[in-house]
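Okay, so subunit A shows up in both of these, paired with subunit B first and subunit C after.
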Partner chain A sequence: MIHITINGKVVQAKDGEMLLTVIRREKIDVPTLCHHEAVEPSGACRLCMVEITKPEWDGWCDYVTSCLYPAADGLIVNTHAKKVNELRSSILDMYLARHPKSPEIRQLAAEYGVLKTQFEEVVDGDNCILCGICTRICDTMGFHAISMVGRGHGKEVAPPLNMAPTACVGCLSCAKNCPTNYIEYNMENGGLTIWKKDFEMVACTECGKTTITKEFAEYLSKNRDINIDYFRKCDECHRKELAGTMGRISNWDREARS
Partner chain B sequence: MNNRFIVKPELCTGCRSCELACSFTHAIDGVRALTRITPIDGGFKDLWVPVTCLQCDDAACIKSCLVNALKRNPVTGAVELNHEVCVNCMACVAACPFGCAVLDTQANLIVKCDLCGGDPACAHFCPTKALVWEPIEKSVKKTG
Partner chain C sequence: MKHNFENLHTIFDKYPKSQESLIAILQDIQKEYQYLPCEALEQTSEVLDVPLSTVFSVSTFYNSFSLTAKGEKIIKVCTGTACHIRGAKLLQDQLETHLKIKAGETTEDMKFTLEVVACVGACAMAPVVVVGDKYHGSVKVSRVKKLVKAK
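Here is the complex of A and B:
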């Protein structure tokens, strides 16, 4: 265990733990767009910048992305110093110029006092901030269906060759965790379309409710050793089935006693 | 694992006190959460079954989680879901053969019973003791 000071409060941390993890544990609000506990940090969005210093640094301080900076003993962290807030608002200013239509970016920028960008707005831009949260989650889950393609201005998230990815099972984790809700999918009539690939959903045999795609259910049953029959019914019908079974047993018990 | 959670459907009156206790205990920022326990009609006269996670030994939800968000708490024996790690892929919701991992559409989180970290609120609020949380030795002695 080591001790670091965050905003004047001495807190305990594990050696080598990332600063952002400690900051979040202390319930201090530091904005992030690219961070997710399920995946390795990448420092793409730059919004988790904090000011760090040490007594022996003679008043010198450094500005680092807290998601990638390991905690060290005696570190003094300031999450909302004047200069840190200035840095964050200038980063958000650039985000706002690049993605002026994104409601999530606009809201976050407004929280830091940036209502209008001082740069030239990109008119025909999209809402993808290229944080890579979707590709990292896809890789961690073991599908590797999408990745970053191209460089510089042409960089984008796409499946291989911009064709329907064979590795995608339609789990929707990329779309649901996108910080700007950029990844589009279409779910209707028991089907799902994402990354130009069409999926069929597993419909509950009792009520017809859909939860996951057939491909995902088959993947889980094959790779994770789960009985494929578990996926036939929806959660609600499963609960009713369990209540029915437990009810029958309780009724035997009741009849035996009376 | 010193205590265990016992459900006795023959004592349940379907009053739904457990639902309220659960909802309020798991509230986020003062907003009530989706209940993890729910009494369902058992199919016979005056018979309700409080349905909640059975904390299976060989849990399908743990096996189905591709990001290791579901882990067993060695102290309580409960399967706990870490919401920070969860990516909302719905694998556990679909895989649970008892339908006890549920999507809370309001909070947009997948929720399941975690035995309140070792002191289930529903057991405290159950007026007929259909839900009990008691030491294993006690219940073993009673049943003989």
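Here is the complex of A and C:
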């Protein structure tokens, strides 16, 4: 265990643990767009920037992405120093210029006092900030269905060969974790379409509500050793069933006691 | 376009079957077919046990890889600073009208592909046009037709 100082408060941390993990554990609000605790940090969004210093640095400070900076003993961290806030608002200013229509970006920028960008707005842009959280999650889950394609101005997230990805099982993890809700999917008539691929959904045998895609259910039952019947019921019906089971158990207990 | 993919195995056999060989193999495929055919990418992914998404990501990242078939000869018009100053745009316009294609496209007979590149490192002889492997310096608009005549 080591000790670091965050905003004047001495806190404990594990040696080598990333600063952002410690900051979040201390319930300090540092904005991020590209961070997900389950995947490797990448430092793409630059918003988790903090000011760090040490007594022996003679007043010298450094500005680092806290998601990628390992905690070290005696480190003094300031998450909302004046310069850090300035850095964040200028980064958000650029985000706002590139994605003026994104409600998520606009809200975050407004929190840092940027209501209108000082740069020229991109008129026909999309809301993808290219943070790569979707591709990293897809890779971590082991599907590798989508990746960054091209580079520079033409860079985008896309499935291989721009065709419906065979590796995708329709788990929706990419879309649900996208910080700007850019990834489109369509869920209607008992089916799902994402990345131009059509999926059939498993319907609950009790109430008919759809749960997850057939492919995902098959993948989970095959690779995670879960009985496929488990996915043939929706959460609500599972809970109803559980209530019934628990009720029966307490009845047995009562009968046994009497 | 139909290809014979038997040669692919000779390429695969040259390298160890690991992710590190990916770029080397893609370069060899590019050399063999002048571009990266979809089937070749799929086979590469299978042989190296690298996800197809990674193979696609790498092949779209580098400009030296192309995913569309290219002509027998690739004409590169340099538009780097020196060439730009000395009239590269005029050469490009002339080539585009003469070949009836735009930059980045290939003629219908698959003979020529026209590309616009930024600096080929021969600024002293600007403006430069590279036809195949041959560098042509101080190119004049009137000489453009001659350059692509060697069919």
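Remarks
The rule we apply is simple: the second predicted complex is superposed on the first by the 238 of 258 C-alpha atoms of A that agree within 3 Å, B and C clash if a C-alpha of one lies under 4 Å from a C-alpha of the other, contacts with A are read in each partner's own complex, and residues count from 1 in each chain.
By our rule, contacts are C-beta pairs under 8 Å (C-beta built on N, C-alpha and C of every residue); 3 or more make two chains touch, one makes a residue touch a chain.
Source: prediction; values computed, not measured.
By the touch criterion stated above, A:56 is placed in contact with neither subunit B nor subunit C. Of the two partner chains, subunit B is the only one touched by A:217; subunit C is not. By the touch criterion stated above, A:188 is placed in contact with neither subunit B nor subunit C. Contacts of A:150 after superposition on the shared chain: subunit C is touched, whereas subunit B is not. When the shared chain is aligned, subunit B comes close enough to touch A:177, but subunit C does not. Once the two complexes are laid over each other on the shared chain, residue contacts for A:160 go to subunit C alone; subunit B is not touched. Common to the subunit B and subunit C contact sets on subunit A is no residue at all.
If you check the complex, the residues on subunit A that touch subunit C are 135, 138-139, 144-151, 158-161, 165-167.
Partner subunit B is touched in their complex by these residues of subunit A: 36-38, 137, 140-142, 171-173, 176-177, 202, 211-212, 216-217, 220, 224-227, 230-231, 233-244, 246-248, 250-251, 253-254. Subunit C meets subunit A in the complex at residues 38, 41, 51-57, 60-61.
Listed in rising order, the residues of subunit B touching subunit A in the complex are 7-10, 38, 40-44, 47, 49, 51, 60, 63-64, 66-67, 69, 82, 84-91, 93-102.
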